[in-house]
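What follows is chain A paired twice: with chain B in the first complex and chain C in the second.
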Partner chain A sequence: MKQHTSIFFWLLLAPFALWLILLVIIPHIDMLGIALREQTAPREYAFSFKNFIEFFTEPLYWRTFMRTAVMSILATALTLLIAFPVSYYIAKMLRGRSKSFLFLLCLIPFWVSELVRTYGWMILLRETGVISNALQWAGLVSGPVELLYNDAAIMVGLVYTSMLFMVVPLVTVLESLDDDIIEASYDLGGNMWTTMRQIVIPHAMPGIVSGCIIVFMMTLGNYLTPNLLGGKDSLWFTEQIYTQFITRFNWELGSAFGILLLLLSSLIVWLGLKLSRQTLTSTMT
Partner chain B sequence: MKSLKLKKILLTLPLISATLFAGTSTYAEELRLLTWGGYAPDEVIKLFKEETGIDVKVTKSNNEDMISKLRATGGSGFDLAQPSQDRVTGAQENHDIYKPMDLSKINGGLFITSMLDATKANTTFKDNVYSVPHIWGTSGLVVNTKTAGMVKDYTDLCSKDLMGKVSYRLKRPTLIGFAFAMGLDPFAAYADKEKYTELMSKVEAKLVECKPVVKTYWTGGDALLNLLRSGEVTAAMAWDTGGWKLNKENKDITFVAPKSGALGWIDTFTLPRKGKNDEAAYKWINFVMKPEIAAKITAVAGNFTASKGADEFADDVLKAQFQDSFPQAALDNVKWYPPVPAGLEEIEGKVLDRVKAAK
Partner chain C sequence: MIPSISQPPSLRWTYRAYILLFYIFLIAPLAVVATFAFNDSLFPSLPWNGFTLDWFTGDTPQRLGVFSDSAMLESVGVSAFIAFFVTALSIFVATTNAFLFERYDFRFKEFLYMLMLLPLVIPGVILGISILISSNSMANYMDEVFNLEVEFLRPGLVLVILGQFAFITTIATMVIGARLRKMDRSLEEAAYNLGASKTAVLRTITLPYLRPAMVGAAIVAFLMSFENFNTTLMLTSSDSPLTITMFDRLREGSTPELNAVSLLLMIVSGVLALISVFVQKKEDS
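And then the complex of A and B:
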């Protein structure tokens, strides 16, 4: 009997273990190896820290790195601000069919790929696009307006792309909050604000944190949206990694950047968990 | 994090697909072709299958992507690749991803002699020839002659009159084109890294100065065509075929060979180092270089081939457009890319990064 459980245990574990080892651990070790070498002559490589030194001495890379981090945090905060009322409405105000209907509305944009969604935004925002034409038709502006190719457009695209990933954990966690508790808070003299601050938000904290982690990771690692919606000087760190790998053939620097991005995202998530006094386990269950 | 995962997938996919393909290739004869969009039309693939019984599997790519893909697998996963002639020796020197071509298997009579000789010379590395030519074309300016008629050279794209109406790529052809338009000769400086760096820093200053005029730096060909079509952009740096395609829809837009010279490229046939079916590759080369087949490819790709006598079969509209954009003087003035020495990409890369970051 004991033999059986252990075989089943290993069989169940096998796909996950293979995935983890083959697609996560080995490539990362390999990447670290590549990051720690430099090309000395054609087809010859030597161990060196040159790539990491280059990152810290070249202000361009450093700036792109910080810009990406700051914009990702901002996009995460904005997504949370927009998604929280939506989720609260879906989870607490609505019942039955209208509830599933609204939830479905959040889901529908994700039936098409990210590329299509981004092109959709390009059609809306471009100079000859829907919004520009509508504004001219309404007489609010005299000539065509360009809304595309700037940081605001990137922000819109990023928030839109990540909405669902914030709404789902928030709805789940808010649904688990018993309505009686909210009523009790009002009965005890609490107003809307104190109920929200002392009852709803503390209860929703694991959902908020896990939503934020997912959205932050997705945004930080996004390549398409900043690339297509961004302007002439919009730099994004993943774009930098892609360029190093594909157009510069500089796998060494690209790998170093990849490692640094991994460290940065881990650090920011760790800080976020510390500040919100959550643990990774509590947010994931 | 997502990007890291994505990258891992990107890096491992060729490996997985390579092993999968290796498994199937023993059953049905197959040619795995790494090429550009339009270079292997379905019709031609069908005719080839009828004649030889070989299936052609096409993977669409571009110069950098081809090198990266083959580098990731050490030159396996494909039986025939089509990099530009200037990108063969550098990649071979650095990454060892190609194998020499057996010219006795190639029917040299099918090629335009001067082009065949030029490509052979340009792709010779350590006394071995690696490539034969296939399709050639140029990049230059695509201009709406009604609204931006004064654009005659790359540097005219800096004109304040075109504020917000200009687009080009942040890639090496832009650097090279601007250098020529500024009266510099980047090809002459190829061999001397120091001189090249100095030359490129001048180009960098010019591109930064011109940045306010630019609407956006385009990244995909289709996106650029849309910008020109909608009139949001009136002058751009692009390939000749893009200009001619738009010319069919709107007579005002066309390809203009810049005063300082259009930049000429030749895409080649080159064998990946671990290709499994060289025989099929040679058969494909000799098949598509036949004049009537080459003309079919020209009709789809929009560019002319190195096939001797294919012009007779080519579309009259395209021929007229070509002659319109390229009077004899402009044709003589085309600057053909010489082989890129290894290491230049790094210098250019930093320049492009700084231009992008400049405010």
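And then the complex of A and C:
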């Protein structure tokens, strides 16, 4: 390693420091400052917890907050349940070309804009959409059915959008599990379920935790999917933030909401890391 | 559960059917978006009225195709402009970050690396509003103290570029840093022993070695910028980039022109994705 005093070190530190301080640290300190103030007269502000008190006293706000948290946890669990068998199939059942082909096929939809993916679900789910028509054609329903603008539609969209971020860490961790260990488990009299529970899942735990953390964060901060698939009553917390900032121009309350969302996200991530004894750096790389 | 352990055929086929269903789930939304781009109807829904290219080439007000829709084309230009600057800025800072963290030891290195990862953990909407708040208070300060109206600190292209640059740099740093970590240092030492200067080694040995990672990271950065929605939504003004224009159209009720735009987007991002996978494959060998 080089000496600290080298001019190159300072030349490399400068862009890093400028980027991080100006675009990440100062803006968040400013946001906290605005969240903790109250307008007392035109252009006069005072320190106050008013915005946070408003959040806890107005049921619409904290209900939306809780609802976003619960639905994000549910979406994370569903994504894990759906992705695990698929990742296992790719990592353990396939070899060579078919393996890389199916893995790549898993990735390609996510290179496409989230807007396009969500638009696809709208075409599938709406009253005049593909699924409604297919159901009528099959004689299962007598008239058009509206499948859009409800919580199930939001859930489908969220799970779809998160899939990649679960499949990649799961495939990586499952590939590192030696086939011999699974065979040994069978030789010792284990069946499919005991092998799953005692060998595969404990081995896959780091991947499960990484996937869940990333999916949860992305779902919590999502705006497009609940907004387009859930319609007017989607009640997602990021929509509240948008409303306060852009429609109502109440930046103080909007900042307080932003801080609360950040706190919730950090708390769940921290819990996940503690429970699995991992660090943020190891999860992300 | 692995190919070498025999399972009842019924279980094997159920597993395969599940995998097939999963891939249908993955492809369906993209397939319908692409298909309805060619439907000879005013709405992107069934019934199928026959094949047409109107939504690409049409130029009547009723059937405006992508290539004649000047507002749409203009927003593609805006997006490309933003993506170009975001890519250039983030690749530059990511490269200096990679050297900083892979080649130097300094106090608080672990902590600073964790700070470097932060933008990935912060929801896009919040990153957007925090930068909005900061730049706005800076603009107000300039106005009050120096009586200067600093236009670029108000919502608009510059803020969108800064907002996307804030988090895309983290992703690019991870890609370039991983490549630099794998480099064999003896290559550089050999060049020093042969009398090369520091800049000559950088230009002829280190940077060429990093090039595949830099190209890969640049493709990812460009795509992420082009497709970004959450951060952009909070920072944009009248010159709206493509995702914002598409979002507005979608809420007004769309014509299949939107499908045509989406299909073109899918093709471009698919090709770019394949190039970046190819570049990384070459990097491994």
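In this section, the second predicted complex is superposed on the first by the 250 of 285 C-alpha atoms of A that agree within 3 Å, B and C clash if a C-alpha of one lies under 4 Å from a C-alpha of the other, contacts with A are read in each partner's own complex, and residues count from 1 in each chain.
Simple rule for what comes next: a contact is a pair of C-beta atoms (placed from the backbone, for glycine too) under 8 Å apart; a residue touches a chain by one contact, two chains touch by 3 or more.
Quick caveat: nothing in here was measured; it's all calculated off a predicted structure.
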Give one word, clash or fit, describing how chain B and chain C relate on chain A after superposing. clash
Where does A:217 make contact in the superposed view: on chain B (first), on chain C (second), on both, or on neither? both
According to the stated criteria, A:245 is in contact with first (chain B), second (chain C), both, or neither; which is it? both
Tell me the contact category for A:235 with respect to chain B and chain C: first, second, both or neither. first
Once the shared chain is lined up, is A:16 touching chain B (first), chain C (second), both, or neither of them? second
In the overlaid three-chain picture, which partner chain does A:261 touch, first (chain B) or second (chain C), both, or neither? both
Chain C versus chain B, contacts on chain A by residue: C
Touching A:37, do we find chain B (first), chain C (second), both, or neither? neither
Single chain B stretch clashing with chain C - from 8-16, 44-52 or 332-340: 8-16
Once the two structures are fitted together, what part of chain A is touched by chain B and by chain C alike? 23-24, 27-28, 126, 128, 217, 220-223, 228, 238, 241, 245-246, 251, 258, 261-262, 265
Where on chain B does chain A make contact in their complex? 1-9, 11-12, 64-65, 67-68, 71, 91, 93-96, 164, 171, 211, 214-217, 219, 223, 230-232, 342, 345-346, 349, 353-354, 356-359
Contact footprint of chain B on chain A as seen in their complex: 22-24, 27-28, 39, 42-43, 60, 63-64, 126-128, 146, 148-149, 217-218, 220-223, 227-228, 231-233, 235, 238, 240-241, 243-251, 258, 261-262, 265
Interface with chain C, chain A side, in the complex: residues 1-2, 4, 8-9, 11-13, 15-16, 19-20, 23-28, 30-31, 34, 82, 85-86, 88-89, 92-93, 95, 102, 104-109, 111-117, 119-124, 126, 128-130, 133, 160, 163, 179, 182-183, 186, 192, 195-196, 200, 217, 220-224, 228, 238, 241-242, 245-246, 251, 254-255, 258, 261-262, 265-266, 269, 280-281, 284-285
In the complex formed with chain A, which residues of chain C make contact? 1-5, 7, 15, 18-19, 22-23, 25-33, 36, 43-47, 92-93, 96-97, 99-100, 103-106, 110, 112-127, 129-134, 137, 162-163, 165-166, 169, 174, 178, 198, 223, 226-227, 229-230, 233-234, 243, 246-247, 250-251, 254, 258-259, 262, 265-266, 269-270, 272-273, 277
